[in-house]
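Have a look at the structure that comes next, please.
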Amino acid sequence: MSDRFDAIVAELAKQKIELPSWAFGNSGTRFKVFGTPGTPRSVEEKIADAATVHRYTGLAPAVALHIPWDTVDDYSALRDYAAEQGVALGTVNSNTFQDDTYKFGSLTHSDPDVRQQAIDHHFRCIDVMNATGSRDLKIWLADGTNYPGQGDIRSRQDWLHESLQTIYDRLGDDQRMVLEYKFFEPAFYHTDVPDWGTSYAQVSALGDKAMVCLDTGHHAPGTNIEFIVAQLLRLGKLGSFDFNSRFYADDDLIVGAADPFQLFRILVEVVRGGGYANPDVAFMLDQCHNVEDKIPGQIRSVLNVQEMTTRALLLDREALTRAQHEHDVLGANEIFMDAFYTDVRGDLAEWRESRGLPANPMAAYAASGHQQRIENERVGGTQAGWGA
Amino acid sequence: MSDRFDAIVAELAKQKIELPSWAFGNSGTRFKVFGTPGTPRSVEEKIADAATVHRYTGLAPAVALHIPWDTVDDYSALRDYAAEQGVALGTVNSNTFQDDTYKFGSLTHSDPDVRQQAIDHHFRCIDVMNATGSRDLKIWLADGTNYPGQGDIRSRQDWLHESLQTIYDRLGDDQRMVLEYKFFEPAFYHTDVPDWGTSYAQVSALGDKAMVCLDTGHHAPGTNIEFIVAQLLRLGKLGSFDFNSRFYADDDLIVGAADPFQLFRILVEVVRGGGYANPDVAFMLDQCHNVEDKIPGQIRSVLNVQEMTTRALLLDREALTRAQHEHDVLGANEIFMDAFYTDVRGDLAEWRESRGLPANPMAAYAASGHQQRIENERVGGTQAGWGA
Amino acid sequence: MSDRFDAIVAELAKQKIELPSWAFGNSGTRFKVFGTPGTPRSVEEKIADAATVHRYTGLAPAVALHIPWDTVDDYSALRDYAAEQGVALGTVNSNTFQDDTYKFGSLTHSDPDVRQQAIDHHFRCIDVMNATGSRDLKIWLADGTNYPGQGDIRSRQDWLHESLQTIYDRLGDDQRMVLEYKFFEPAFYHTDVPDWGTSYAQVSALGDKAMVCLDTGHHAPGTNIEFIVAQLLRLGKLGSFDFNSRFYADDDLIVGAADPFQLFRILVEVVRGGGYANPDVAFMLDQCHNVEDKIPGQIRSVLNVQEMTTRALLLDREALTRAQHEHDVLGANEIFMDAFYTDVRGDLAEWRESRGLPANPMAAYAASGHQQRIENERVGGTQAGWGA
Amino acid sequence: MSDRFDAIVAELAKQKIELPSWAFGNSGTRFKVFGTPGTPRSVEEKIADAATVHRYTGLAPAVALHIPWDTVDDYSALRDYAAEQGVALGTVNSNTFQDDTYKFGSLTHSDPDVRQQAIDHHFRCIDVMNATGSRDLKIWLADGTNYPGQGDIRSRQDWLHESLQTIYDRLGDDQRMVLEYKFFEPAFYHTDVPDWGTSYAQVSALGDKAMVCLDTGHHAPGTNIEFIVAQLLRLGKLGSFDFNSRFYADDDLIVGAADPFQLFRILVEVVRGGGYANPDVAFMLDQCHNVEDKIPGQIRSVLNVQEMTTRALLLDREALTRAQHEHDVLGANEIFMDAFYTDVRGDLAEWRESRGLPANPMAAYAASGHQQRIENERVGGTQAGWGA
């Protein structure tokens, strides 16, 4: 291992990335959802798959739940099951976009009864959190409108505040709410929480336990995401990341797949702003594996985050600051790029082995026969997907 | 009726817009498809709905089919049924994106057997055309890849040519192929026919019976669509339009809903380039009605096209040309905007009545009780949607 | 005049739009600035041109200054001169992007001396405001970097806060600061105030006299600007508009030229949120007339705002709210579009005449011979432009 | 040197990148052009700077001229001067955007006299080519309009064809025309050659000596550029590259600076499609150095192309094709990314030394004192820029 690498090993060991249970189910587009052999039929099988990812990488000690997709009768039992598998239950994600009631909104609906129904759903999510010991309630809203005039943008923002406040007030002392924003989809004219500014304004009005969730795929074309990271860390309001990547819209591709240099820049600002290995800033994946295998897709994803974090940690910040102060544009950029272009894969492989992990988790998983085993075992039943 | 309006009435009377059968079925996003009462359960009910739109507007004398969604045993019988309803069967749309075989491509698949299967599907579509008397075979391909390296962009383009050539050679003398392009979705890294240039290059290599289909929602942000219209008309390769509108991606909103001025500019170039009331340039809708009612949604859509066509026809081209030659930027723009800002709704209402149509088709439909009737009648069965 | 129009006449009469002095100078792109006959050679001539626009439209009683472009020795004299012409001096715009010192930033520069120099410039602007009686200090910063690593995004944000606080503290009781944001240009990697969220966070940290300035051309592709308008009005932080329009980047075209429906939606939210005829929300133009004549370009611009405001005021909000609450998507949209599609030009012409203004200000200006007069008179000297 | 690297050394040695003379002059934005010490005051000094880049890198044996910026009395003498410096004169770039005549267009202008003037300028460029021995005439047009209605899109396209044909007919047997397209700027509504489709359609109508020039910064947001590369190579119409990079619009940043992975993907398709070391496909830079030093900016640029070409050459295409045919999405992507993530800098340094070049050209240039020398020597005169 190189000296530079040695110096950051302690930091690297702190990395934890939460996996989304739904990444192991089938997903697709409005045109088609392709099924794949071995896909989980139950929450337990999703958790088992998440645990498999952790076993091969040492990076993914928790799995996020999506309610009602991951509804069970006994959450303590689920927690115990997860613990046996070697993972914890993490963030609870609410879902107010698949019930017919929510066709025209949930927490922002003009009808107070519908808003209350959506609030009640969040209360149930908090109940789940109490049972699972989860800290974070993540709210992503599909709310919005498709046609100018369809809804009253302004009133919906006020209703949103009331709804969030009611939910916020139910949070326990050690619980948090993270509010995710998204540029568009499924609403095609206006979205009620479309940008970081809106999420920031809304959570600031609630209190310290409300934070912004930044999904790396939820921005307008050309948006400088690392700037938002730096700004939210500065404002003390970056609660969590949903990592994934995109070329076009909310493509939900494997994190780092579309623009690895962007992922690097984001992680540089995370480190710069004190967001790394900081319990207040949760690292999560939120991805779809429409055409690739899911377990190795998740392994690849956490490795991508780890490799890029390594590069970000390797950045020679002292030299960079010096070059920045001298306005040595090319020099500063070269120092920056040097970290990005450093091939960290060999050092990471060595380091993994030193910790009892496979040097190459992708190869180890492929060689393990695990995929074939679950494909053979998981026959019958209904494969998990976004609808179930 | 104003004199200006009088002068274009003869042109207006020539307008024909084909409706997509699938617009009457349920549609939505990957997050949720909301069902609605009164949705057709069969091809016949879809055709009946299209005929209803035509009855109220006089604008929509044909309905396009989607194979296999609209597969029936006896297409002659279907043709007769449509004729009884007052509409013709129009363009046949192929579908090679919902069979598991096509997960990694159809006409561009690396496996020649899969390509042949997709070609065979198009042969069946031509058989349908022969039975229905349809002229146009419309090909939109979902083919593409999600990750860099996943497929060989270059070979896929060659395979696409071979596949298209084979299909083209099966076309009858009076039949055409129109090749639709789309910027992205469902593929998220590369799409095999992503832009007009590709569609143009591919159809040019085939022959005179192959043309480009321009879907107004399938472009990169900021693209000047009317320029493409002008260019394709100039090159003699604009075969058809798929009208709809978008704020973000392929939103498939009601045509004219997102940017009415853009629709105006497009129609101005259509008229300018000889594409209006030109049998070689088919006008079609391709939309989704995710949250609004479908029949009135389609009525609204054809009215939007009609209203904007009226404005485009009202453009004082002589004065415009003069101002353009004088480089009177503000003057030329004002002449252009004058046509756009002219409120044509009153004149159109009067004209409709003069032709035995309701002055206000939207209001007439709402007052007719038709919607309630189909909601009451269409109970049971499986509502049509993109999957069936 | 129609009854609907009659009902809004009182509101219409309240409209005031501030003109930018620099719109009367030459402007262009990095490729070329074309000069035009009749262009002002002095601040006084720019003010005279602004007064001409007001004389023809009754809409533009104030003109904004840009320092140092509009630097004079005696601002009281300038104020008197403007008053004689019939206009007031309005917003003072600072300029910290044309001095060599600011190559790497101004209020965000890593060197405290440069920051102080930029702060001092703003102090001088406040001195100008004291002399002219202007209320608003508008700050648009060109600050940013071109290459990843070039600057420290996070520190620059802190320095920005310090600089703004120092300037803010110098404001008089009746003075305000408005902070403009811009997506990109002239910086091409990161911009220090790139979005409304950043401007909002920065001004919120200062106090009640600091507000956000929304330039309609400064957003990422696809951004829903009317949403931001609604949000900032709701948060009580919308201080002013810079109106213009764009197809691509910061095109600075005539307001309403690129997407008139967007301008309508923006004005609907302005009215909805109490931002119309509200002294806290200043309406300004910020445009370039690269190829069109400047005085008629400005006349066209204020007329565009007036026409679209008329349509926004005509919106039948009661009916709209009813349709919204009934989730009548198509009905609500039709009410919305009805206001947009109403041709208000005839009523406005009549109304103008009733107020002693030309029915058609564009035609009246063209017929007046004024343009030829200034082209003949303004010979010699140096034409005003962005550099002087 | 690694074995993998050894295997591609022969290919690497073939790389040639043409430098633009204007990159050594001052450049900026419409807001400000910052001057820098040491900037050339003459064509000869620009050529000397280009030769310096070549001396340090061995990559840049030719320099492109821009007419009239690089107009001289005696082109043979200039050719000899360049040869003495160690470089050849390359592509001749025409300029029809800085003369007042061209305010409303050049080759597409509605006035045949203006078109002839622009054609004559191109004839003069061909004269220059005859004197310099240049092969390629590169045409980039600023032509377009700012407002809908301002010009007649369709006629302009026809005029463009006529103009190009006239120029084309003047080309010598060994000369070529390359037609560059650009999404927007300086025109803000429509651009006459906005996309590859238009350039392709236009050059195809001319003949074999007309080709498309692809500038990597001239596309709509999200455009898959490597697809266009693959397509144009397939169609035999990719004549040259203008390399640079962008985050937003036509930022003209150092190639590879904004999205190194995109540059990699482009070069992979170049290699895949036979465009590498192919005399028919010219590699050129077209960049601005607004804030960074120009000579090291160009050194950095050619090194970026070299490093990324190395990675593209290292791609294990055999393994990739196998994985592609097996539809092993993750496996194929990993093979692809492996080449990208390989740190080639050490091998390249060693290889450079083996060829008598500095191992680290950036460091060598910085240590040489050359920059200080030209800063001291080049005092007085008028620094070169886009205007001169």
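In order of appearance the chains are A, B, C and D, and numbering begins at 1 in each one.
Heads up, the rule we're going with is that contacts are C-beta pairs under 8 Å (C-beta built on N, C-alpha and C of every residue); 3 or more make two chains touch, one makes a residue touch a chain.
Remember, it's a predicted structure, so these values are computed and weren't measured experimentally.
Student: Just going by residue numbers, which of A-B, B-C or C-D has an interface where over half the contact pairs are the same as at A-D?
Tutor: The chain pair with the recurring interface is B-C.
Student: Look at the interfaces B-C and A-C and say which one is made up of more C-beta pairs in contact.
Tutor: Between B-C and A-C, the larger count of C-beta pairs in contact belongs to A-C.
Student: In whole angstrom, what separates the CA-based centres of chain A and chain B?
Tutor: 38
Student: Calculate how many whole Å lie between the centre of chain A and the centre of chain C, each centre taken as the average of the chain's C-alpha atoms.
Tutor: Those two chain centres are 40 Å apart.
Student: Counting only residues that touch at least two other chains, what does the list for chain A look like?
Tutor: Residues 103-104, 146-148, 150, 183-184, 189, 221-222, 224, 247-248, 257, 261, 291-292, 329-330, 333, 337 of chain A each touch two or more of the other chains.
Student: Given the complex with chain A, which residues does chain C contribute to the contact?
Tutor: My answer: residues 103-104, 110-111, 146-154, 157-158, 183-184, 189-191, 194-198, 200-201, 219-224, 226-228, 230-231, 233-235, 261, 265, 269, 272-273, 320-321, 323-325, 327, 329-330, 332-333, 335-337.
Student: Provide the residue numbers of chain C that touch chain B in the complex, in ascending order.
Tutor: Residue positions touching the partner: 221-222, 224, 247-248, 257, 259-262, 291-293, 296-297, 300, 307, 329-330, 333-334, 337, 340-343, 345, 362.
Student: Name, in rising order, each residue of chain C that touches chain D in their complex.
Tutor: Checking each residue of chain C against chain D gives 27-35, 97-98, 100, 103-104, 142, 146-148, 150, 183-186, 188-189, 221, 246-249, 251, 253-254, 257-258, 290-292, 386.
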